[in-house]
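Once you scroll down, you'll see the structures, which are given as structure tokens.
Each of the next two complexes has chain A plus one more chain, namely chain B in the first and chain C in the second.
== the complex of A and B ==
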């Protein structure tokens, strides 16, 4: 290893980055995945950046038209935030169901996206909420949708090792509800076998303008347009069409894989639970009059 | 980027490996240590500070045997980079005893027969400690959630949950 830096601002990070040249770079957020991935094996040329000392990467704020979420916020801070629960409910669900208390206290939302695990929980929730990531690199600042960051390839994303995610912006959309759920091997502390996030506009028991993202079908979040269309159908056809669309999509994403029958039945169960959660949330927000993107 | 001060971390080169000097509080005492960049908190605690109560089970943050408190929050010390504990406060089960008296959680584990082989016990107790600091009267469901990251292969959990419930009751009695 060549060096370890703990920059205190984006500006300082970029100045240090410029000094590193082509050396291999490791950006360390909570470290929960990084330590397991590296297992003490660092190349001689590796340069490490500890992101834990940068206040610009922290904070959860309601900015009227969007929520600002610092990339170094932990799963614990996210699921205990009232603002997130009200306006970005799917993300709150995902953060609460990720890992154990111990992992949630350390794991960060930026790290969860940057690590590019196909079984990650928060990327599908962020994508369904239409979140964008503010990314800095030597070439400047750019804003990418979470879908653009995820990219098409499994186990990697479109970011380079010189890109730092500073924050996420989650649009606040009134009259929308959202939910996330996963199925894993242990009841509470598990890596998702299948996860799914859904958001939709809710009015008088009907859904429209839905977004559906499924995790673990080879990548952290794949959008499923046919399931989105199914959600807008009339109530009597909705549930079955939604399930059929999900199963067909799984077959297209991972054809012939041994886990496909399991994933299909898990998706159908998730579909039932998510519909129930969305309807309940829709009714509750209509009742309270506090309709907000949730 | 040569060795030496880089503005943030003081680096020392010892036989070709870079060590970082850190200062942290462990069980109330200020400790200084030199750690490697990829060193884990569990290695620092067990190998450099001799705190072998911190057990390594899975080494991947899944079993909770290595749970310690960092600034009052439960963390798996096998997935915390040691250098990130610079300036922080670490509490292990060794730091719970005060003036020769066991912590109420430790005593409750003994009284409720919540210890069998004992390997998971330090981690279980630290997860329970983190819970009771925040929520002194948790429901059984809240106890289950707080301990969900700790695996026990002997007891079947019932006695452990009873022990945490008993500790909470005893804390409540003391406050009354």
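== the complex of A and C ==
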């Protein structure tokens, strides 16, 4: 290992980044995946950046038209935030179901996306909420969608080693409800075998303008347009059409894979559970008159 | 003695190592680097069945301080890691290192350096070229492929057991029912991974410190391979971070002792979780058919077994285990005629061996799932059927094994069924279209030692009462984490009246403690515990006799005190006077040879809810009822049962070590090997039936192994009742349940 830096600001980080040139860089957020990957085996050339000291990477704020979410916010801070629960419910669900208490206390939302595991929990929730990632690098600031960050390859994001995810902007959409759920091998401390996030506009028992993202089908967040269409159908057809669309989609994503029959069945379970959650949340928000769920 | 007047028996005495453990002061082998020791890591085969074409250590050995021993350096002696006494004639097919790797994780070379990190780096620099051969992974064809895996010409290892007129039983039967059932290969998952330390000592003694279960067995294995006398091998049981049978057989001890002896330096071998999973031992997978002949009223007339046991790459103790399974088949139900044939085959997978229950979880899982499915098909009530056939107290084991003892299995079942609400909950329920709730139970038995088997069972201890009134029990105990040393201290305290906090119970050290058959066969509380009681009585007798001589007046021992002419004598003071004036120390020795080997029993009940879409099983309620004779320490007993439930659920639902067709393990670590964790553990209710077992200390008998025996069958029976399915291929993973539900619909 050549060096360890803990920059106090984005500006300092960028300056240090410029200095370190072509050396192998490790950007460490919560470190929960990084520790397992490296197991302390670092090359002589490795330069480590501890991202935890930059205030720009922190904070959960309601900015009227959108939510600002610092990339270094942890799963625990996210699922215990009332603002997130109200305006980004699917993300709250995902953060609460990830790992164990100890992991949730360290693991960050930015790290979860950057790690790009197909079984990651928060990317599908961020994607369904239409979140955009604000990325900084030596060449400046740019805004990317969750899918653009994930790219086509599992376990590898599209960012360069000098890019840093600073924050997420999650649009606030009135009258929308969202939910996330996963199925793993156990009820807790479990890696998802399949997960799904759904958001939709809710009115009098009907959904419209739905978004559906599925994790674990080769990528952390795959959009499923046919399931979105199915959700807008009338209530008598909705559930079955939703399930059919999901199963067909799984067949297209992982054709012939031995896990396919199980994933189809699990997607049907998720479909039932998520519909129930969305309906319940929709009714609750109509009742309370609070209509700014996202 | 009236139970209610016990000072220590049945009391929740806090274990003597509790404070150290919770404060991190209780050190395990890998916590304490030994001065000047080489740290060894094993170069393991990445292939399932391959011979080494060439091995090049030049680059690795070039690193200063690195020592490497390979399969080319070893003594050619073959041994069997499950043999724990000379002359047991377990078939030897294993060497300490090998040029023919027979499973992923097999030992090719030992790479050593002053630090583990350096040893691991050096290991990565050893170049090995392999000639890869086909993997042997399918039980059904393993015997035919045996030649590619072993050069010894043995296709399989057979065993059988038969009594009664089996043909007559089957021809007289009103019903004949059979099922084919498979139990999985399972990792022990002790928190501590395997490690061992060997130190050359003056006088040509090799000292071996190992968290093991049979020090005298380790000594035997080392003597066999190194060709040195037993007296030159000192095996000390190290602090144990869990075993569950995984550390019962010798795994790295012989290799470590050999390396230390050869290099004349202490050698410490350490492993990671992955290495422990791949290269130590597993529970043996078993697959086979059980067939029962029943009369019109539901009495069992006869039972046939045809089972295949997966030994993994080496035979190890799995032939012993296969025979043990057969011997357990006649100790639960009254089976007038029985035929058991077992076949052990070797496959290119991690070797199997002992694992909590030693075949008992396998055989009882098989018979209890079968019994439930049979009752359903024949329309018999599963409780009534069992009540009719379960053994009663002091019945003989028809196979010729030891008398069954004070069996309370019928009481276990009756009390359990009532407490669990069996009758009221028998009908499965469906909610929200996809959640199926059902109940199940299973009965089981397990032993209490080796008496009346082919293995010798005895224990030799001495109790020394010191000049301050404290005491040391010098015993060859292996504390495995269950609290055995504290339980024995409670027994000594109860007999002698000495405060438990003033009693020290030693663990085994082959140089200083006397012979004991080891911590196996669920013998510790029944045999060693009784030995502790008897040696305590001998010490008390000696003390009263010596005190009588000292005072020239009759001294007797009453209610924990020495009494002379109505006056209480203080123990420490009396011992001091005896030592000074009579030049006698109070140390009694006793060798206990049990003449009984009764059965322990357990009946477990589970209520599960199965999600037919996710295939996940939630255990809503759990009840464990055990016939344990007498709890020495009730919280220890409960601890064993909770842990047994956790292991059994894993074997029923999620724990397995699968291999692909090339013999590549699909689970190498806890990311893919799934144990049940705390959030998924049910609230478990426990009922103990304590009617006092003759021959056990204060009536106690075993609990550690039996507590995991009925769990898997109880869970599987509940799932099958909930779904109306006949699942028999364990574990019932979500994918298997989803598939079964789809099949049921068709």
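Side notes on the structure shown:
One rule holds in what follows: the second predicted complex is superposed on the first by the 293 of 294 C-alpha atoms of A that agree within 3 Å, B and C clash if a C-alpha of one lies under 4 Å from a C-alpha of the other, contacts with A are read in each partner's own complex, and residues count from 1 in each chain.
We adopt the following convention: a contact is a pair of C-beta atoms (placed from the backbone, for glycine too) under 8 Å apart; a residue touches a chain by one contact, two chains touch by 3 or more.
The shown structure was predicted, so the numbers you read here are calculated from the model rather than taken from an experiment.
In the superposed pair of complexes, A:4 makes contact with chain B only, with no contact to chain C.
Once the two complexes are overlaid on the shared chain, A:52 sits against chain B while remaining clear of chain C.
Considering which of chain B and chain C touches more of chain A, the answer is B.
Using the contact criterion defined above for the overlaid structures, shared-chain residue A:28 touches chain B, although it does not reach chain C.
Once the two complexes are laid over each other on the shared chain, residue contacts for A:154 go to neither chain B nor chain C. Of the two partner chains placed by the overlay, only chain C lies in contact with A:185; chain B stays clear of it. Of the two partner chains, chain C is the only one touched by A:266; chain B is not.
In the superposition on chain A, A:205 makes contact with neither chain B nor chain C. Residue overlap on chain A between its contacts with chain B in one complex and with chain C in the other: 186-189. On the side of chain B, the complex with chain A involves touching residues 1, 6-9, 11, 18, 20, 36-40, 59-62, 64, 67, 70, 73-76, 78-81, 83-84, 127, 130, 145-146, 148-150.
Note for the complex: chain C touches chain A at residues 432, 434, 611, 613-616, 618, 654, 671, 674, 676-677, 679-680, 734-735, 738-739, 742. Of all the residues in chain A, the ones that touch chain C in their complex are 183, 185-189, 191, 193, 259, 261-262, 265-266, 268-269, 272.
Chain A meets chain B in the complex at residues 1-8, 19-20, 28, 31-32, 34-36, 38-42, 47-48, 50, 52-53, 76, 99-103, 105-106, 186-189.
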